[in-house]
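Below are two complexes that have chain A in common, paired first with chain B and then with chain C.
The block that comes next holds the complex of A and B.
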């Protein structure tokens, strides 16, 4: 069967195509529209997926949307009614939002694709998350936990799934916590209070938390309370997201934690003010971890299952994931490369194939590279036209040269094959650099990524040597496959891994298996032979505010804007020639 | 300078809080403009145009930094900088990107004509702003400097339009008409938004109270914590993938 999965209209829209039960293409709309977290109907992504498979829309057996719009409308309307009369400001906006577009998804999909409406299906938001986590994981039976801001009504679910190749699939969500009680929205309120954009700045809260001490944990526990049945509830007096247009937290929240950060002023954790923000971030992070670890621990005892599949936006919190792995009792923890809403496009398509249409299970390839491939010829052409030095080299030579350049302090834009599906650069659209020099971290933050100085960078290490450098618990290598866990750097290596060791001695490490990205694996080997450690700094190939690059032209543009030293697209290597470029720019001016 | 706007500009730029806010808004607009221009540079096949668009985009990045630095400096001088949500991009809800070109879908001629007219409008606006900023020479210096750059952008985009488009004049007229049409649509959308807000707010207070009472009563009975997932049959596909 040919099934198109679609997620859209909230944030980070995406499309994914499965044929006969296997993914063949998946890409976020932002990677093609170049508008970060693009929530619009993902027409470009859909067109690319269909082109990739050589299909016309009429050939699709089904298109499936990742949530149920009418149920979502039910939640929105009910929330407005419950918030009467304070919800009067949000009512017009919410109604226009839902009735204007989001409620008519069947018609939109049908009209845009030109397929009959009866071929358009829907599934639950959290089932999409669950399917994305469970059906792509190499396990036959697992507990499932999904947590995010909100879907239709659910904000967190627990369930379990079973499958075997050629056999039937069962995914059963057992219990849920409902809106407005939400771990995702709880964390987003702190994100907003800290002056970061919601649905985008949550990484920053996690990074900032490492600078602080959780001295407000008791206050946060007053906001995020445990219920006697082991779930949680929010004290809604501290939040406004359920009744205001532009506020996530309320006056009481401000009374408790102080005035929100002015988003125009930089955070300096070295100042008293900066420490305060870091302490609040650390407290929110700590309490979030406590709750989710506790829920996972109880569920492990209840199910007795060895594996846990984790989905939803909260699964992007690598610190919490690592704690679940260490403390909840599961042997393995699977987080897909796209646990957020974008990944729901793939999850929904797989759910439709296995469960809606009852097709037998097929194991999915265990990699994240489902997007458009880079065209090295395009890079060669662009470089030639701009008079930049480039070369086409045999792979071994190229890898040796790049390893050598990184060792001499070069920052390398690395593009290879198909783009990753999900928010992490996992070796196909990465900026790579020397992991040992703290000045390198500052240079990349300041001059290349144009982002806050407190934000850490991730390392990539071959699976064979990961335990030498990082304190990985059992199952840690698996969690690090898609950069989903934060683990301590071994103390004896911290000095040599300064650019990737966060202030608390940890790193969000990518543990790389050769089969997943063989060229990057070989580059790590070459770097190790030259410089003694098989670790590189690996950060996403983009500039702050932009999506990760997709095409050679975008990589080339970012390479020039960011002042990187080397750009690699498969076998084409472009070197930066500062003098020549400066001269050309002068001519232009 | 257009004489009729002087009193308005003077009023707008007299207040330091509004001045800071305007500069920070300009910074956001310039930064977004830079992204569009970098995108245009990525899309074009003409090497010379690519380099020029790239240089232009770099200018916009620099302008964004200048506006931001000056806006922040002014903001820091204020006892109360005011609410942050006043710093939006001035677009109405759902209008994101409305005024911008969709770079990938435009011809080179349309793109260059759009750039030329936008830069001309910006150059004139900045000249007008600079003329009413005698009381703030630092802000005036920033705006004057950027206005000069905009004139340069005007010239290069016109030259490129002549070089690359067989009928540059026609492209400019089409772009002018499109700008006019967009301005009309923008006004119409703002008006429609206001009317719909009014109607929906009236409906809210007239129709919702009894339903709200029932909903609140039901909410009071709901306990927090775990709830059984409503319909397991959905998980098994028997609901047929419906919207509900």
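The block that comes next holds the complex of A and C.
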């Protein structure tokens, strides 16, 4: 069966195509539209997925949307009515938003693709998350935990799934926490208070938390309370997201934690004000971890299952994931490469194949590379047009040269094959650099990525040597496969890994198996032979505010703008010619 | 390659499939626990409004008349 999965209209729209139960293409709309977290109907992504498979839309057996717009409308309407009279100001805006577009997804998909409306199907938002986490994981039976801001009504679900190759699939969501009580929205309120964009800056809160002490944990526990049934509830007096479109926290929240940060003011954790923000971030992070670890622990006892599949935006919190793995009792924790809403496109397509249409299960390839491939010829042409030197080298020579350049302080843009599906650069669209030089971290933050100085960079290490450098608990290598866990760097290596060791001695490490990205694996080996450690700094190939690059042209543009030293696209290598660039600037001046 | 339909044709398809969505909503409210059947007229009214606005966006000649109604 040919099934198209679609997620759209909230944030980070995406499309995914499965044929006979296996993914063949999946890409976020932002990677093609070049608009970060693009929420619009993913026409470019759909077209690319269909082109990739050589299909016309009429050949699709089904298109499935990742949530139920009618249920979502029900939630929005109920929330507005319950919030009356405070909600009257946002009523027209919310209604225009829902009945003007989002409610009519069946018609929109049918009209845009030219397929009959009867071929358009829907699934539940959290079922899409659960399917994305469970059906792509190499396990036959697992507990499932999903947590995000909000879907239709659910904000957190627990369930379990079973499958075996060639056999039937079963996914059951057993219990749920409903809007407005939400771990994702709780964390987003702190994100907004700290002056970061909601749905985008949550990972900055996690990074900032490492600089602080959880001095306000008791205050946060007053806001996020445990309930006798093992779930949680929010004290809604501290929040405004359920009655306003442009505010996440209320006046009481400000009374408790102080005035919010001006988003244009830099955060310096060295100042008293900066420490205050870091302490609040640390407190929110601590309490979030406590709640989710408790829920996972109780569910482990209830199910007795060894594996846990984690989905939803909260699963991007690597610190919480690592605590779940260490403390909840599960042996393995599976987080997909795209646990957020974009990943729901793939989850919905897999759910439709296995459950809606009852097809037997087939194990999915265990990698995240489902997007458009880079064209090295394009890079060669662009460099030639610009008069920049490029070379095509045999792979072994190219890898040795790049490893040598990194060792001498070069910052390398690394593009290889298909783009990653999900928010992490996992070795196909990465910026690579020396992990041992703290000045390198500052240079990349300040001159290349243009981002806050407190934000850490991630390391990538071959799975065979990961335990030498990082304190991985049992199952840690698996969690690190898609960079989903934060683990301590071994104290004896922290000095040699200064650029990738966060202030609290941890790192969000990518543990690389050779089969997943063989060229990057060989580069790590070459770097180890030259410089003694098989670890590189690996950060996403983009500038702050841009999506990760997709094509050779985007990579080349970012390379030129960000002042990187080397750009690699498969076998084509372009070097920056600093002398020539300076000469050009002089001529222009 | 996806063949693009004209704007009016797209809006008509969307309006044509709206009845199934509204029926879903009404069915959900009818069977909902907690006595929410009273919301059905409101939902039907809002959805009808949405369909009219959607159509208006597709039929430019119609738009001035519709906006003068509201």
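Operating definition for what follows: the second predicted complex is superposed on the first by the 581 of 589 C-alpha atoms of A that agree within 3 Å, B and C clash if a C-alpha of one lies under 4 Å from a C-alpha of the other, contacts with A are read in each partner's own complex, and residues count from 1 in each chain.
In this section, a residue touches a chain if its C-beta (ideal position, glycine included) is under 8 Å from a C-beta of that chain, and two chains touch if they have at least 3 such contacts.
Not measured: the values here are computed from a predicted model.
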Fit or clash between chain C and chain B when superposed on chain A: fit
Touching partner for A:112 - first (chain B), second (chain C), both, neither: second
Which superposed partner A:553 touches (first chain B, second chain C, both, neither): first
Partner chain in contact with A:506 - chain B first, chain C second, else both or neither: neither
Which superposed partner A:37 touches (first chain B, second chain C, both, neither): neither
First (chain B), second (chain C), both or neither touched by A:100: both
Partner chain(s) touched by A:47 [first = chain B, second = chain C, both, neither]: second
Contacts of A:71 with chain B and chain C, given as first, second, both or neither: both
Three-chain overlay, vertex chain A: chain B-chain C angle, C-alpha, nearest 10 degrees: 60
First, second, both or neither for A:57, with chain B first and chain C second: second
Greater residue coverage of chain A in the superposed arrangement, chain B or chain C: B
Partner chain(s) touched by A:561 [first = chain B, second = chain C, both, neither]: first
Nearest Cα pair across chain B and chain C, whole Å: 5
Interface residues of chain A shared between complexes with chain B and chain C: 69-71, 78, 81, 95-96, 100, 106
Chain B contact footprint on chain A (complex, rising order): 34-35, 62, 64, 68-71, 78, 80-82, 84-85, 88, 91-93, 95-96, 100, 105-106, 121-124, 127, 154, 157, 159, 170-178, 181, 227-233, 246, 262-265, 352, 355-358, 385-386, 545-546, 551, 553-554, 556-557, 560-561, 584-585, 588-589
Touch list for chain A against partner chain C, complex: 43, 46-47, 50-51, 56-57, 69-71, 73-74, 77-78, 81, 95-96, 98-101, 103-104, 106-108, 110-114, 117
Chain C residues within the chain A interface of the complex: 1-3, 5, 9-11, 13-18, 20-21, 24-25, 28-29, 36, 39, 42-43, 46-47, 49-50, 53-54
Residues of chain B that touch chain A when the two form their complex: 24, 31, 35, 38-39, 41-43, 47, 50-52, 54-55, 57-58, 61, 72, 75, 81, 84-85, 93-94, 97, 196-197, 200-201, 204-205, 208-209, 211-212, 214-216, 219, 223-229, 232, 234-237, 240-244
